[in-house]
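Each of the next two complexes has chain A plus one more chain, namely chain B in the first and chain C in the second.
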Partner chain A sequence: MIGESLLTPAQEQANSLVLGLFLLTAFGMTVARQVQATLLAFVAQSLLLACSSLVLGLHPLSVHLLALTAVTLAGKVLLIPWLLRRIVPDAVYSRRELSQPVNITTSLLIAMALAIAAYFFSVALLAPGTPVLSAGNVSIGFAGLLVGWYQVAVRNEALPQLLGILAMENSAFLAGIAMAPDFPLIAELAIAFDVPLLALIVGLLTRALQERVGSTDVGALIRLREGGEP
Partner chain B sequence: MILWAIVALPLLAALFAALPRTERYVLPVTFGCAFGVLVLTTVACGFVLRDGHTVAIAQWVGLDGFAALLELLIAFVLTTATLYSWGYIAATERSALRIRLYAANLNLFAFSLLAIPLVVEPGLAWIAVELTTLFSVLLVSFDNTREALEAAWKYMTITLVGATAAVLGFLVLFWAMRSAGDVTFTYSELALVAPRLAPSIVAVAFFLIVVGFGAKVGFVPLHTWLPDAHSQAPSPVCALLSGIETSAVLYVIVRLMPVFRAAPLLHADLWLLVIGLIAAGVAAFLIVQTRDYKRLFAFSTVEHMGIICFAVGLGTAAAAYAAVWQMAAHALTKSFCFYAGGGALAATGTRTIAEVRGLVGRAPLAAGALFVGALAVAGAPPFAVFVSEFAVARAGFASAHVAVVLLFLFFVGVAFFGLVGHVMHMIFGPPKAPRSDAHTYRLPVPARAAIVIAAIPVVVLGLWTPAPLAALLAASSAALGR
Partner chain C sequence: MRTAIVLNLLQVAFVMGLAPLFAGILSRFKEIVQSKRGPSIFQPYRDLAKLFAKDETVSDQATWIFRFAPYLAFAVPIVVTTLIPVLTSFPLFFAFVGDMLAAGFILALGGFFSVLAAVDTGNPYGAMGASRTRMVSFLAEPVLVMVLFAVAFVADSTIPYIVQQRWVTPPASLFAPSHVLILIAFVMLILAEAGRLPVDNPTGHFELAMIDESKSLEYSGRGFLLIKWAGWMRMLVLCIVFLNVLVAPWGLAPDASLGHVAAAVPLVALKVIVFLAVLAAIECSATKLRLFRITEFLTAAFVISVTAMITRAFSL
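Up next, the complex of A and B:
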């Protein structure tokens, strides 16, 4: 990688392992057919984000990163799954999404292509020699962002779409902790307040859809458009 | 102190809505708080005009000229929107729980909107913008119909995906700043260190922020959710969403323009010029072909955001002045149009343009308001939008972009005839009885009052600008220009 590393070899190795698994969960979320499986993959991914910020924050010791670890664990690993399970009816979780516009093999290939593109992009971004805590975080962060975006675009169920947005946010912060470990407050505040609120509101909206429309297949919501029925 | 009170009032009103058995008083209280916010903001603007700025916490919370102008616009639209809501809810909603939910959401939304100009740290501004989405989603879906839920879902997904891209943009921007040896992350400090930032990293931040927040402003092609959300929500919420929320998000982008302009080879101005022109052009033709009058006004918002963007992209001092004028004129006029549209909806029970004829006989107030609103929002003299669009064109001719300005004027012309044509069809012609299944009601007094109050600045500002407002506009354009 580019630039001199501030990390010890042990930190480098542990972080690399975490990053590899992080990308794997991003792929997993994109292709898992069952809503429940997508949720589990998201929890695993959030746990890995917490691990990465813990590893990077231990040496040199960074209060910001340790605080981020704590709020990620509390907010994304515990609170969000609990909120979503409570608010959204059980029937939604066992639902299998059979009608994706792109089949799973193709989806996986597209996701991989996006990840590779993100890698080359981040290498170019890191080229000027701007100091960064761990270059891998930036690459995987951008890759995760693109894969998450692809997930939002390709999934038709309400909850997997939402989890795609949250996966994008995980990825943004994964890159963020390496680029700006002392970023003033924003990451902590965002995860502590915005993200649970987001889960709450999406949960309520999903429940309203289930009750009102009888399905959470948001891909089928196409009534509002120009030239549609007046 | 006064700045804290501005954000505390809506929070107090939201708390009041959380109390049981408050459903009869909660909307008047909300209006009272919004009016209080307007008074406090006016006082704060006075301080800003006297001292140049007012600060609550250095480097975190404060107001300067541009922020004060936006805060004043938000406070005014909020006042009329809460007044209209009072009447709207009284006429349409019976469930005590839903009334309180509406009021709580409206106040929280107001809080997040008011917070955007108050914070001078871009990271906090991002959080405020994210909160505006989260607090307004349930207002968009308030009618709980299939269409409203669809609109809310699209609104939420597209803007939140955008917000996620934008947060990475802010992280990247901070990364560039901290690599240049500065960690005071504020708009003014960023502008100061801008020449020292690594240009390639600033470019990445620019694209992430413009695309990310652009989704929320309604830049084409990320505008698809906007006509859905801005037409399905209750009319006072549309007024807030369309009139001021889009401008508030655009404000965050243009506040960062000094940073982006400093990056060589990025050509940030040119990008904004092109984005603005595309938005204005696409919206102009969408205006012509739409069949729904609330969507009509929503497309007009896409057009106006394009015009502001275009003016900022021109990059001259005169264009910057035109851009802030357009922002102010848009906020006041567009909110008024949605109240008028709400009046038409109450009288006819339909949003379809073809089903509304001879409105002047059925609902004279709504028809008169629509007449004035359509002319004003389309940019007919002597209204405020005309003044600002004229200023944009003049600034454009003075700069090197004459051919582009001609194209811009063509788009404005198309939008003008589209808007005015549609609305005149609704107002005049043989009256048409509403469909038997249509839900119509008589517009209550507070809603009528809101229409009348909102009309005052629309009519007055094109002819006469009060001196303090002119000073605020000048201060804003100074913050925006080169």
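Up next, the complex of A and C:
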């Protein structure tokens, strides 16, 4: 698809294993009932993103990709989960989302259909002659993007919705590092500061929801109340 | 050709003779994890000896199916044993009679007849367990088919000996993503098909919660012996397909010399024991799923096997 590859076979092997597991964590995040499990799947996914950028950055040595690995590890694997665990009360994490608009089995099958659809989209993206470091990253990244989007749509709880947005961001990065490996570092740093802030703000909102309403079920917030007791 | 037949018989003897031992070892592993003092690992053999000496009682409502099913259930894993590489890495006498798809459906035939037999006696628990078993196995079927399709896609064949040669033996393909995903899906399939813990509790004796066990409730004496032994052999055959074809085709005899084959016996047994330890770890850390969540478990396995196909199609 992309002519001769810049990567060594060992790199491609390692990268493709990471990609397979990445897609699996995307499915896992979409269907995990417990908020804690969703968070763990997100941490695993971020770790896999870091692995992919490390593997791609090693051989034609790319400072950008190695820096991105470090930023991902610090930001998404350590800082964001730590922030979310600190801010949001423990009660939210042990909660199980029992009523989802679409049941888990159907969700899994829809997510799978989206992943297959993403493959056909990415074939169009990867027109012959497009300079891409690793075609798999683009396909799987695109699949992860659609699955994350589906997660945002289907989950009721506030935190899994946030994690869905972050998963979309992870997937966009996964595709991005293969399409534009020499992206200016400043953009990556900007995003690295931006995303924890997003997590912080949504985390605080979730905490407020939990304290005021006793529930973080966003799906139940359908009426606007003004004044009076909540 | 005579040596091929002798080796085939040796494989059958291996599966028949050691299946109870492996069942004993698995329950011993679980007892160790749960800090229990269980019976010896040779207890299954004593159970078989005891059952062999007992009388058999058959309900007067039962038809020929009830009497016939244990023999069929016992024969099925033996037939499958002749199709798969148990001790040797070169094809034996029956290697090209059936592929992995055939092996899967032959195993399903045994399951089908034991379900019929469970319904046959009119015991309400039998019919209940039978319908549950059908539910589990009809959900497991697409997973099996997808796994085999993915295997066929990669190895250009579904004959287990060829798959083993083409796909698993080069070490680089051991960590290929489609391979790793197929392994995960296949372990989930083994758990479901053999009635192990997240799906079914093999040691449970509460009729209302039984899935696999309830099919043999009405059996006694030799019929029960055959059903029990068949269950252990079925489990061992699934493990051997997993280990010798998909994960670790090492330690098998490369040629027909008796020394190599004799050396393969402890090596294969060792691999199975290591896998049983993993299985015990899974079983001790999982709780039994509620009946309607089994659907989710097997859908997850299905999605994983389709993901394996996708990652293959992405030519990763």
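Criterion: the second predicted complex is superposed on the first by the 216 of 230 C-alpha atoms of A that agree within 3 Å, B and C clash if a C-alpha of one lies under 4 Å from a C-alpha of the other, contacts with A are read in each partner's own complex, and residues count from 1 in each chain.
The rule we apply is simple: a contact is a pair of C-beta atoms (placed from the backbone, for glycine too) under 8 Å apart; a residue touches a chain by one contact, two chains touch by 3 or more.
Predicted, not measured: the structure shown is a model, and the values here were computed from it.
Visitor: So, on chain A, is it clash or fit between chain B and chain C?
Guide: fit
Visitor: Is A:Leu209 in contact with chain B, with chain C, with both, or with neither (first, second, both, neither)?
Guide: Only chain B; A:Leu209 stays clear of chain C.
Visitor: Which of the two partners, first being chain B and second being chain C, lies in contact with A:Ala111: first, second, both, or neither?
Guide: second
Visitor: One more residue to check, A:Ala190. First (chain B), second (chain C), both or neither?
Guide: Only chain B is touched by A:Ala190; chain C is not.
Visitor: If you stack the two complexes on chain A, which partner ends up touching A:Leu24: first (chain B), second (chain C), both, or neither?
Guide: second
Visitor: Pick one for A:Ala172: touches chain B only (first), chain C only (second), both, or neither.
Guide: In the superposition, A:Ala172 touches chain B alone.
Visitor: Check whether A:Ile140 is in contact with chain B, with chain C, with both or with neither, and answer first, second, both or neither.
Guide: Second partner only.
Visitor: Counting touched residues of chain A, say whether chain B or chain C comes out ahead.
Guide: Answer, by number of touched residues of chain A: B.
Visitor: Would you check which partner chain A:Gln13 touches, where first means chain B only, second means chain C only, and both and neither mean what they say?
Guide: The answer is second: A:Gln13 touches chain C but not chain B.
Visitor: After lining up the shared chain so the two structures overlap, which partner does A:Tyr119 touch, if you call chain B first and chain C second: first, second, both or neither?
Guide: Second partner only.
Visitor: Closest pair of CA atoms, one in chain B and one in chain C, after superposing: how far apart in Å?
Guide: Here the least C-alpha separation of chain B and chain C stands at 19 Å.
Visitor: From the superposed pair, tell me which chain A residues show up as contacts to chain B and also as contacts to chain C.
Guide: none
Visitor: Would you mind writing out the residues of chain C in touch with chain A in their complex?
Guide: Listed in rising order, the residues of chain C that touch chain A are 172, 175-178, 180-181, 184, 295-296, 299-300, 302-304, 306-308, 310-311, 313-316.
Visitor: Looking at the complex, which residues from chain A come into contact with chain C?
Guide: Going through chain A, the ones touching chain C are 1, 9, 12-14, 16-17, 19-21, 23-24, 27, 31, 104-105, 108-109, 111-112, 115-116, 119, 135-136, 139-140, 143.
Visitor: Using the touch rule from the top, collect the residues of chain B that touch chain A in their complex.
Guide: Result: residues 121, 123-124, 126-127, 130-131, 134, 137-138, 141, 144-147, 149-154, 156-157, 160-161, 164-165, 167-168, 170-172, 174-176, 178-179, 183, 185, 198, 200-201, 204, 227-228, 232, 286, 289-292, 295, 352, 354-355 of chain B touch chain A.
Visitor: Going by the contact rule at the top, pick out the chain A residues touching chain B in the complex.
Guide: Chain A reaches chain B through residues 124-125, 127-128, 130-132, 141, 145, 148-149, 152, 158, 161-162, 165, 168-169, 172-173, 175-176, 179-180, 182-186, 189-190, 193-194, 197-198, 201-202, 204-205, 208-209, 212-213, 218, 221-224, 226-227, 230.
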